[in-house]
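In what comes next, chain A is part of two complexes: it sits with chain B in the first one and with chain C in the second one.
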Partner chain A sequence: MSSKTSPKMSPAARQFIDKVIGLSTSLNAQTEADALVVKREAAQQQLLSLGLPTRKDEDWQYTSIQPLLQQDFRLSETVSTAELSLAQLEPFLPDFETIRLVFVDGEFSESLSAGFEYIPDGLSIEMADADAIQSIALPETADAFQWINELLLDQGLTIQLDAQIVLEVPLHILFVQTQSGTVLTPRLQVHLGEAAQCQLLQHFVCLADETLTWVNGVGQITLEAGATCKQVVLQDLSDSSFYFNHQTTTQATNSNFESTYLALGSQLSRHHSVAQQQGDAAETTQDSIVPGRDQQLLDTRTLTQHHALHGQSRQLHKMVLGDAARGVFAGMIEVAKGAQKTDGQMDIKSLLLSPQAKVDAKPQLEIYADDVKCSHGCAAGQIDEDQLFYAQARGIRRTDAMQLITQAFLLEPLEKFQVQPAMQAWLTQRVVDKL
Partner chain B sequence: MSETTQYQEINDLLSKNSGYKEGFFTQTVVDTFAKGLNEDVVRAISAKKNEPQWMLDFRLKAFAHWKTLEEPHWAKASYDPIDYQDYSYYSAPECNSCSSDCPTGNKGMSMEMDPEVAKAFSSLGVPVNGEGSAQKANIAVDAIFDSVSVSTTKREELEELGIIFCSFSEAVHDHPELVQQYLGTVVPYHDNYFAALNSAVASDGTFVYIPEGVRSPIDLSTYFRINEAKTGQFERTILIADKNSYVSYLEGCSAPVRDSYQLHAAVVEVIVHENAEVKYSTVQNWYPGDDNCEGGILNFVTKRGICEGAHAKLSWTQAETGSAITWKYPSCILKGDHSIGEFYSVALTNRRQQADTGTKMIHIGKNTRSTIISKGLSAGKSDNTYRGLVRILPSAEGARNFTQCDSMLIGDQCGAHTFPYIEVENASAKMEHEATTSRIGEDQLFYCQQRGISEQDAISMIVNGFCKDVFSELPLEFAQEAEELLAISLEGSVG
Partner chain C sequence: MLLSVENLHAQVADEPEKAILKGLNLNVKPGEVHAIMGPNGAGKSTLSSVLAGREDYEVTAGTVSLSGEDLLELSAEERARKGVFLAFQYPVEIPGVSNKLFMQTAVNAIRDEQGLPALDMFDFDTYAQSKIDLLKMPKNLLDRSVNVGFSGGEKKRNDIFQMALLEPKLCILDETDSGLDIDAMKVVANGVNSLRSSDRSFIVVTHYQRLLDYIKPDFVHVLFDGQIIQSGGFELVHELEEKGYDDLIQAHQQQQTQK
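== the complex of A and B ==
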């Protein structure tokens, strides 16, 4: 492991790391599998040598993690999930058929989960045990938060869809946090065989508005040739919570990955989606919807790596920022040497609703192939007075008109998201409720 | 060594670099400092220029700060750490190095110029003698050879209007109050690594002051020439446009073909007062090095202007074709209400050149506007990066920005990158950014060739069309020079 000495860290960062390591040590004491302990210890070394990022780091210049460092987190206590009734989950449940997997404070709850009858042959859903986890490796380039995930890794969720299997019913993975002051480190592994298809709805919520939690997830999604995955990440935590998620999607030939991230909650969040096109003619969509309010800092990042021929990637990121909310976006389209005929496009559009709202955007292109079509566009502004006037002239009240324009602006990524109308309507409602 | 063999070597080198016609070398008696950089060198430079104490203090302060800094490597260009002890920090043709003896007022007259140096400038097409072509060219020139300014033409004519146009060293003597008032106000000595280095060892540069209400009738221009091997050029240029004035300033540069990297770290400060307008155009044609960009110029430049007063306007136009490495971000601080900043750039890289260039637009005043048009062309095995910042501060009510960065790739071995930073803190601001990447289409080439236009000419036509938005902003003579430069630099990049 790295023998690098620890970088200079602020006392707060140092203290925070020590606490996290403390949690890991107590976890180790309860763990029987040595392999898992070894893995956590390796992660500890990595974290110590990396340190926590500060705003001096290029990737963190707009995102300060200070509010997180001021918190004192602990591991969730095992609770009897029977204490939680299905009725309490009602607000989080969609009105369309799903295969529902419910995790309460990270613990799988069979009684709250449902829709198992829709599980076809060829779909396996497993709580990865120590052995399975052992085979999951983080990349060399992993950042401090990914290592923290590994440091506190206890259980992973592995979903495997065999070749040719088409999952008609969306898979709803609901993480419910009930204990305040706890950290959740979910690890999701999804593997889609050749020409397999599925819809994933990853959903993060807090049971009560006062619950303060820290979700620090890592996801790895693999798409074999011709596979299709439609993913929604619905981050709807309480306004005091923290959310960090880093997912990497690897795509083979002709695969199609379509992802939408909805940043509806948290005081500080950072969703990082990496897509690697390794086979020819792969298609990738990475969209986001970010309605910010109060003092929220909502950070969305993408990295799209085109390594093969005829790749296509599309991104549409919409931010509506009110109050003193801050929106951050950083995206990079990389076209490797030889990835000819790549067609990449990234759009970031932000609407600033209040004088204190801020937006920072860094749309980037790095291109090493000549026969490509790549572009990005970025725009920021406020609601067009002409549009308001137009609506008002037709008898729509100014506040209603603003609401209407804002909604239409924000929901664009969902409108073009090709899923069943019920799902689209339900997601739309989740966003509208936040406005 | 006999002269013939010496020329033989140069010719050999030249034939290898047929594209770079400014690659000749001037033989003249020079006064060059020994290699190395320490506080004594900084003091010696200051003494050589017979500088007042405040200037020496400024240098020493900068040098002390520079020593605490680390060389930046964040740009998308890989280069080995530079050995700053391996360069000479002062070099001047003998005739001009005697400023301590000559009355400074006489310095810069063409009669004093070394004939070899004069010959060099005339073969570069720079009118330094104030006669003949220069008279007609309607342009005033400050010619800088290595560390010193050797000639400044048309000064008398300009003086009548109250315009100060002289070398930086002269300004330190003749207009200390102005230099003290403005030096380091836009680019402080602690701004960045190379600005600190420049502040410590600044060689010469140009000083321009346009008084209130004066429109400069002629274009002012500076031509920089690095001649000596293993020397660094660290020019410092200050341009001040007082209220209601106007000036168009041009800048050109070249260097001989060398086999080791040469260092160029310049600082340019532009101050634009109320209602004034400055147009700053650069054609950068430093020696890019041989086919592997060995021996080219390392170009680390800090250029920044401030629109101090209301309705001030600053426009940067640049055509970058030379240098092994370019690290340059001409910026505008839009402080005055309704002030305007513009940046038009064409950057071409070929062979193994690496350019990381762009701009910064800092909107502070109300209703400030900025436009960025950047065209990057990469060919050969080069890397061309646009890096730009648009920052709209909370005070910049109604600010407006439009940015367009287009990249064109010629060949499949090169890279084109776009790294914009957009920071908006005012809701009433409107900003738009667009970037595209494309290439010269085979069908476009085929179309031209079918009509009897050679492949080379067709590429040249397409490239010129691609860059038209920027070239149209350059003064006429410069536009032509830039087009020719593009054609030369692109030679052999296709096929």
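== the complex of A and C ==
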């Protein structure tokens, strides 16, 4: 493999890149669409010139990718998805109505999917469409993991909701990983026409606790004027897995994007949510719920770009870290010169349950307009002893009191998430099961 | 004897040079209501905290027993399970935890101690409603987060409601009347009065005589410098109101120097 143009890299990083390029090459051999091959090859050049990030890079200061580099990943083998029964999926299925799209090792399974009767006219769902995949161009600023997504791009999911269409039933996109040692590179594109509304539940799981997988996704969500999208990203991979996801949401006038990321699994994860307000009076919510335990490293980042007038953005990030878990947060609210009357707020609150647990949080504001209201707050601490004593003085055991208080602390973003009660309850239970 | 406190010495856990209780004696029989008054810094809140088991305080000498059992050996939650209840001077806010879940957990913890089966959501609702009616509390009290966004009066009221739910043997009210307006004070007093019974005792710690006018304690004690320097009946409240603590304190200090 030629890697002449690449910067100085550790042997492990170089080897890792070479393997990924090898996977891409084998993919190219099976691909008929020339355009896709060209795209992958361009991504390869990008990756080689960029190299893999190290902790010397500012954006990776707190997040080491060494555990990922030690793994040897391959592409999933095509399996007959009929081998998987619906009963095996039961633990991952919500108890409320959804339009369910199931992907087994990246492959769409029609037999496991359901709820097509809820698909209205004006909703189109397309899979494996090379043209659709190509329509998303990664920005020049894309990082190594986004380029890897493109390098291994094989199947995309494109969801288009026409203007005025309101999707009543949530769209549950379930990625089930069954093959250990494989990499999944999902590419999601969602387009909401004017005043369209939908709820998205993106859900990543491993079929068995022993399955070690690497999800490396890229997403693009576009909201036209007045559109509303409520998104939940439920990352519930096995404890040995890796998760990297980078999503960009662009918002037109009066649109509302409300999103909650739940980091429930993986040994190393990094969820990156970029929101760009391009039209006036747009509203953005980027919340997260991060319960960490064992040796997990859970990284959450946001970039909120206000480019227009009267924009509002809210962020509430909650982490509860036990054992030797590490939580990382970095968030930036950018207010462009003309974006007057912007109202932005970012809060990061963490509870540390053990002396070995650690949190690194970096909230940032960059404001070029003079008439804005922006703030950020960051707090990390232990459980309030006064709260514990109050509960104990009522006869509640200390461990039970800790559980009550921790849960309530962590679930705050879900409490205010305006979705049907059944969905709220189901998501709550997913989080509670991890505590 | 329900509660027997003998020669109790206590200090703030990290400050050994600063003794707060210096040989306190107190006996409470079932059904009795005792008031503990005294100037600022006398040790009133320390006494409440030590009895309830707050770990910020360290007992250096003396004994405390509840129905003959050594109370000091027990953790705060065990004391609560045995029937000790502390109404807080400043009830604590617990964001996100509903009053209902909090109190259902507490009631079931105490039922567990008594060998009774846990109440499910519906049985607990019925039980809680009966207490809400008894105390004439607002119906929505259970739906809110524990004390979050409550006014000072509402917090105290919530503590009294919790007391009614847990049906303790010994209720300690730690300056429950501080910062209350007259209406809220009446609610607290009515709560205490409606929970009075021949087998439930109260220790009412307070600065002011006003709450005691409503509650009418059987015994009144004056706490100063970590000791009870005077005990009497309800009439002592009005004596203190007229003369203040000064005479008592001076007499006590003279006695101390003579020793």
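Methods note: the second predicted complex is superposed on the first by the 430 of 435 C-alpha atoms of A that agree within 3 Å, B and C clash if a C-alpha of one lies under 4 Å from a C-alpha of the other, contacts with A are read in each partner's own complex, and residues count from 1 in each chain.
Here, a contact is a pair of C-beta atoms (placed from the backbone, for glycine too) under 8 Å apart; a residue touches a chain by one contact, two chains touch by 3 or more.
Predicted model, so just to flag it, every value in this text is computed and none were measured.
In the superposed three-chain model, the partner touching more residues of chain A is B, compared with the other of chain B and chain C. Of the two partner chains placed by superposition, A:Leu316 touches none, neither chain B nor chain C. When the two structures are aligned on the shared chain, A:Ala325 is found in touch with neither chain B nor chain C. Once the two complexes are laid over each other on the shared chain, residue contacts for A:Ala380 go to chain B alone; chain C is not touched.
In the superposition on chain A, A:Arg394 makes contact with chain C only, while chain B stays out of contact range.
Within the superposed three-chain model, A:Leu23 lies out of touch with both chain B and chain C [touch as defined at top]. Looking at the shared chain after the overlay, A:Phe409 reaches chain C, while chain B stays out of its contact range. Overlap of the chain B and chain C contact sets on chain A: empty, with no shared residue.
Interface residues of chain C facing chain A in the complex, by the touch rule stated above, are 52-55, 75-77, 79-81, 85-86, 88, 91-97, 101-103, 105-106, 109-110, 113, 145-146, 162, 166.
Chain contact summary for the complex, chain B toward chain A: residues 74, 394, 407, 409-439. Residues 384, 386-387, 389-398, 400, 404-405, 407-409, 411-412, 415 of chain A touch chain C in their complex. Those residues of chain A lying in contact with chain B across their complex are 58, 62, 337-338, 340, 350, 352-355, 357-382.
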